[in-house]
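In the two assemblies presented below, subunit A is common to both, partnered first by subunit B and then by subunit C.
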Partner chain A sequence: MSGTAIRPKFERPSLSEIARERAPLALVPVLALAGFVSIGSFPTWVTLTVAGLAMGMMIFIMASGLTLVFGLMDVINFGHGAFVTVGAFVGFTVLGLLAGWTSDPSVLINLAAVFLAILAAMGITGLLGYAFERVIVMPVYGSHLKQILVTMGGLIVAQQLIHVIWGPDAIHISRPETLQGSYIVGTALVEKYRLLAVVIGLVLFAAMTYILNRTKIGLLVRAGVENGEMVEALGYRIGRLFLGVFMAGSALAGLGGVMWGLYQQTITAHMGSEIMVLVFIVVIIGGLGSVGGCFIGAMLVGLLSNYAAFLFPKLALVSTIALMMIVLMWRPQGLYPVVKAK
Partner chain B sequence: MPEPLLTLDGVHTHIDQYHILQGVTLEVPAGGVSVLLGRNGAGKTTTLRTIMGLWHASSGTIRFDGRDITALATPDIARLGIAYVPENMGIFSDLTVRENLVLAATSGPPASDRLDWLFGLFPPLKTFWDSAAGTLSGGQKQMLSIARAIIEPRRLVLVDEPTKGLAPAIIVSVRKALQELKETDTTILLVEQNFQLASRVGDTVSVMDDGRIVHSGAMAELAGDRDMQERLMGLSLEAHQ
Partner chain C sequence: MITRLLSGDRPGSPILAIVLLAIFLCLAFAPFLFPGTRSLETAARICIFIVLVASYDLLLGYTGIVSFAHTMFFGIGAYGVAIAISAWGPSFTSILVGGAAGVALTMVLALLIGLFSLRVRAIFFAMVTLAVASAFAVLVSQMSWLTGGEDGLNYAIPGVFKPATKLMDGRLFGVRLDGKLLLYYFVFVSSLVLFLVMLRMVNSPFGRVLQAVRENAFRAEAIGYRVVVYRTAATVLSASMAALAGVLIAVWLRYTGPATTLSFEIMIDILLMVVIGGMGTMYGAVIGATLFILAQTYLQNLMGAASDATSAIPLLPDLLDPGRWLLWLGVLFILSVYFFPTGIVGRLRGRAA
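Our next item is the complex of A and B:
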């Protein structure tokens, strides 16, 4: 078997192309720096930055599954918020059953209670994701309009079922004993729960990065996002991959629901649909199908929301939408699109 | 002529309201290279995609090694040992060269001797092993696309216009790869517009027109008969060289 005498010609990117490619990585530090300059007080900046990162991590948890579902399956799932809500209510129920654990002064027992609540929420929302994909989403693959209509319908049905099971009123949800209050770092106040949210978000991001880049399942997901037909031509059943990713995305939404519920300390049947506005903004800023882009987008949205709420309270609501508009004017497909918007 | 490995019998394929394949009957003998020729829009790519199950035949039968595969799903067809190199190469740009090949090796990590053979055929794949496939040049992407199809021994490889738009040096490489592959047990069904290459590697040839096979026979017979080329294609195939 002979070789050939072809001279390899590699189209090496120029410095400007490399800079353009990596520019989004600088956005979070630049925003944090701009926040520091605008706020002027170091302790206040630390408090707001940790709050922003915690909020960003929770939005990332909810958005990461959605962006993969978008990218891999080309499905616009407006029902994603239902899994957030169900996750929060399941978490509330489990924490209620473990009231003895949540009031215990031991950090480990408190964390175990939160862990079990998360596990239950992810399990149930994952199974609901299975049913949602098979019954509601599968018949409308390829039709965006029908997807929007049926997933919105699914969301409304889920909200009404929550009313039936847990009642229509907002429910207060208490954080476990040792997750209440704040640490004092120098002269800055840092809420304990927000630190936990940052840690869980970072662990999840690291795990997703590992799975997507180092495992065959991850390779299949990345390849499927780009060209599902070719994945099938290689001998893999893309339908099973779709289902697995949809279930994982639903379970992540459930995890996000528990975290968001404990963050807000109040849960309602509409909390999922309310947070979905920020989730969709993050997915669009990050670029469809991109977990890395989604992570950067979530950090930007979290930080900007907190800085804006402190500096310009009346502009807080529009700040994230303005951010999305600016990003899309710079990069019309988002920061790191894996799938080009059609 | 050896027993056919692949048989298409009266295959019709519709894409939306268009009736593309209008009764394709084709035999691909086991071993060697069968070439499918025809003008643009004749139905060559549709034939390959229908064999692969990417578009389903609305009627007719496709048999592979005696087994009816007409209604099989694409992954099941691929698992029978049929690989596909699409016209657009279909590489995963976001994945590295290594990841593209690892993904294509469905029965486990790629064998090292197989990789060495592929590196011999396509040296740039070794050079850019850990580079994102999207950063390769067009020719290198085609090499990767072919390498991915043959990363494991296959029984049949469907190759759609592998030299389209490539530089002459890369075309030589592709031809050598096809010739080496031909020496193994692999059967190749090649769609190609470059008649010089097709006639050098092809053993049998079928010509398509308007969604039908209008001629089948030995490649040597067609290559040596300019009148037949004129009659089948409307112009001398030398014009395609």
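Our next item is the complex of A and C:
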């Protein structure tokens, strides 16, 4: 071969293009800074920021499955909140059975109890996701209108079944012994559990980024998001891939449910549909189908809700909606629109 | 004459025509046919919900947009009247001003939401409305100095509508001619007029364009109709109709609170009524609302009896508990979306055709 082999020509993105691509990344620090300026007190700001990040991580865990499912199969699941609720109830049941472990003074045994609860919740919600996809979602591929209606119906039925199985009352449970209380960092109070939530969230985000960007499965999922038909034409069963992603997304919702339940220490049959409001806001801010956008959106919403709850207690939810409107004015498809090659 | 009143949209099936006529007659003569407070409450509720459900169908059935903010608009109309009466006393002026302010606010909000979320993709709309509506419900329950919070507002209505007001001495077919009767007919006639207006709307050229957008937005755009404009217009119209229904319920109940207007349960009820009655036809709203409210009022007793009767069997009593009736409706809802997407009216019409 001569030295004149044809090489693919990569065009280097211009500076303004890079800036446009990276701009959303700057939003989180900007918001944190704005929060600091308007709050004024450093210890309060640290406490609120950690709380906001913890809340953001939990919302991200719940929202990531929803956004991936949409990106991959163009299916919008309004019943996603049901998995959150079921996860929380299963997790609490397991924690209730392991009462001896949760009251133990050892960190390891406490964490083992939480781990088992999470495992049980994820297992059950994953299976439930399988049933939900096969029975409820599969017959209505391709029609958004029917998807919204049918998954909403699924949510109603799931909520009512939770009433039947666990009774109508809210369930209270306190966190395991060693996860209660706070650390004192300098002059700021940081709740232990929130730190744990941030760690779990970061680990999950790292794992998801790794799986999506470095493994074969991740490659297929990303390819499926871009152009599902092409992936199918290359001989991969996208239906099976989708089912896997749906189950994983449901299991993540279950995990988020357990974590949220432990965060609030109270769960009700309606918690899922209440959290779904935040999840939808996050998914829209991030851009439907984008995991990275979903992460940034979740952080923004978590931080803003905590700052707003401190500054204007009555306007926490309204402030996140205002944030969504501003983002949509800036980028009508969300921060990172997923471009479909159709 | 009747064809003209119905805007040329005939029921299209003899059975449907008979059922609709029966519902109309029953509602028109409800105070005389079914004396008693409870049945009058039910009849008025049916009238108001027919308007509310029909206005939702304008959006869901005719334009193909799913909104979860319909109860928000319903609530704004109701709270407009409630706040105006609480502030200025029970007069027709306050009802008029409060209702007008409610409708105006509704139109602005619907326009804003529509412009923000329908511009890009219609699916945003469902999520955005869900978020906005729940934020609104939270806001209303927190602004207790204005809205009475979770307790809501109790107020008086103009004197003519009070049950104590005698319009005439004596009775007509054994029914006292009092203010309550007048109020019922006020609600009934207003609902009827609003319903006919909506029927006119969907059978106008504008309504045809909405259906075209529903069937194939891309093609409608290609023919030269601005899809966003039509979708937003449908949103605004449907929202203002819902606000007017809210005005009616505020006057009828003499109470406005989150539970009667804003709650998510009512939103789900509306969805169920539209789907069960039949999407994409105004008559579906009539059938759906009537059936649903009758079932809500009377079927729950039956379920209670069934639950008691099966108390020896495990699990079954829990499933049959009257509180769980939404469970069965949810199942019915999913099944009807799969198997009868056109609802009862669609079925009847399909059989006749």
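Please note the rule applied: the second predicted complex is superposed on the first by the 327 of 342 C-alpha atoms of A that agree within 3 Å, B and C clash if a C-alpha of one lies under 4 Å from a C-alpha of the other, contacts with A are read in each partner's own complex, and residues count from 1 in each chain.
The criterion applied here is as follows: a residue touches a chain if its C-beta (ideal position, glycine included) is under 8 Å from a C-beta of that chain, and two chains touch if they have at least 3 such contacts.
Since the model is a prediction, treat every value here as computed from it, not as a measurement.
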item	value
Which superposed partner A:324 touches (first subunit B, second subunit C, both, neither)	second
First (subunit B), second (subunit C), both or neither touched by A:229	first
Partner chain in contact with A:280 - subunit B first, subunit C second, else both or neither	second
First (subunit B), second (subunit C), both or neither touched by A:149	second
First, second, both or neither for A:252, with subunit B first and subunit C second	neither
Which of subunit B and subunit C A:157 touches, first, second, both or neither	second
Contacts of A:75 with subunit B and subunit C, given as first, second, both or neither	neither
Contacts of A:333 with subunit B and subunit C, given as first, second, both or neither	second
Residues of subunit B touching subunit A in the complex	52, 54, 73-75, 78-79, 83-84, 86, 90, 92-95, 99, 102-104, 106, 117, 119-124, 127-128, 131, 135-137, 139-140, 148, 169-170, 172-173, 176, 180
Residues of subunit A defined as touching subunit B within the complex	1-4, 6-13, 216, 219-220, 222-223, 225-227, 229-238, 338
Touch list for subunit A against partner subunit C, complex	76, 78, 136, 139-140, 144-146, 148-150, 152-154, 156-157, 160-161, 163-164, 168, 273-274, 276-277, 280-281, 283-284, 288, 314, 317-318, 320-321, 324-325, 328-329, 332-333
Interfacial residue positions of subunit C with respect to subunit A in the complex	60, 64, 66, 116-117, 119-124, 126-128, 130-132, 134-135, 138-139, 142-143, 264, 268, 271, 275, 315, 318-319, 323-324, 326-327, 329-331, 333-334, 337-338, 341
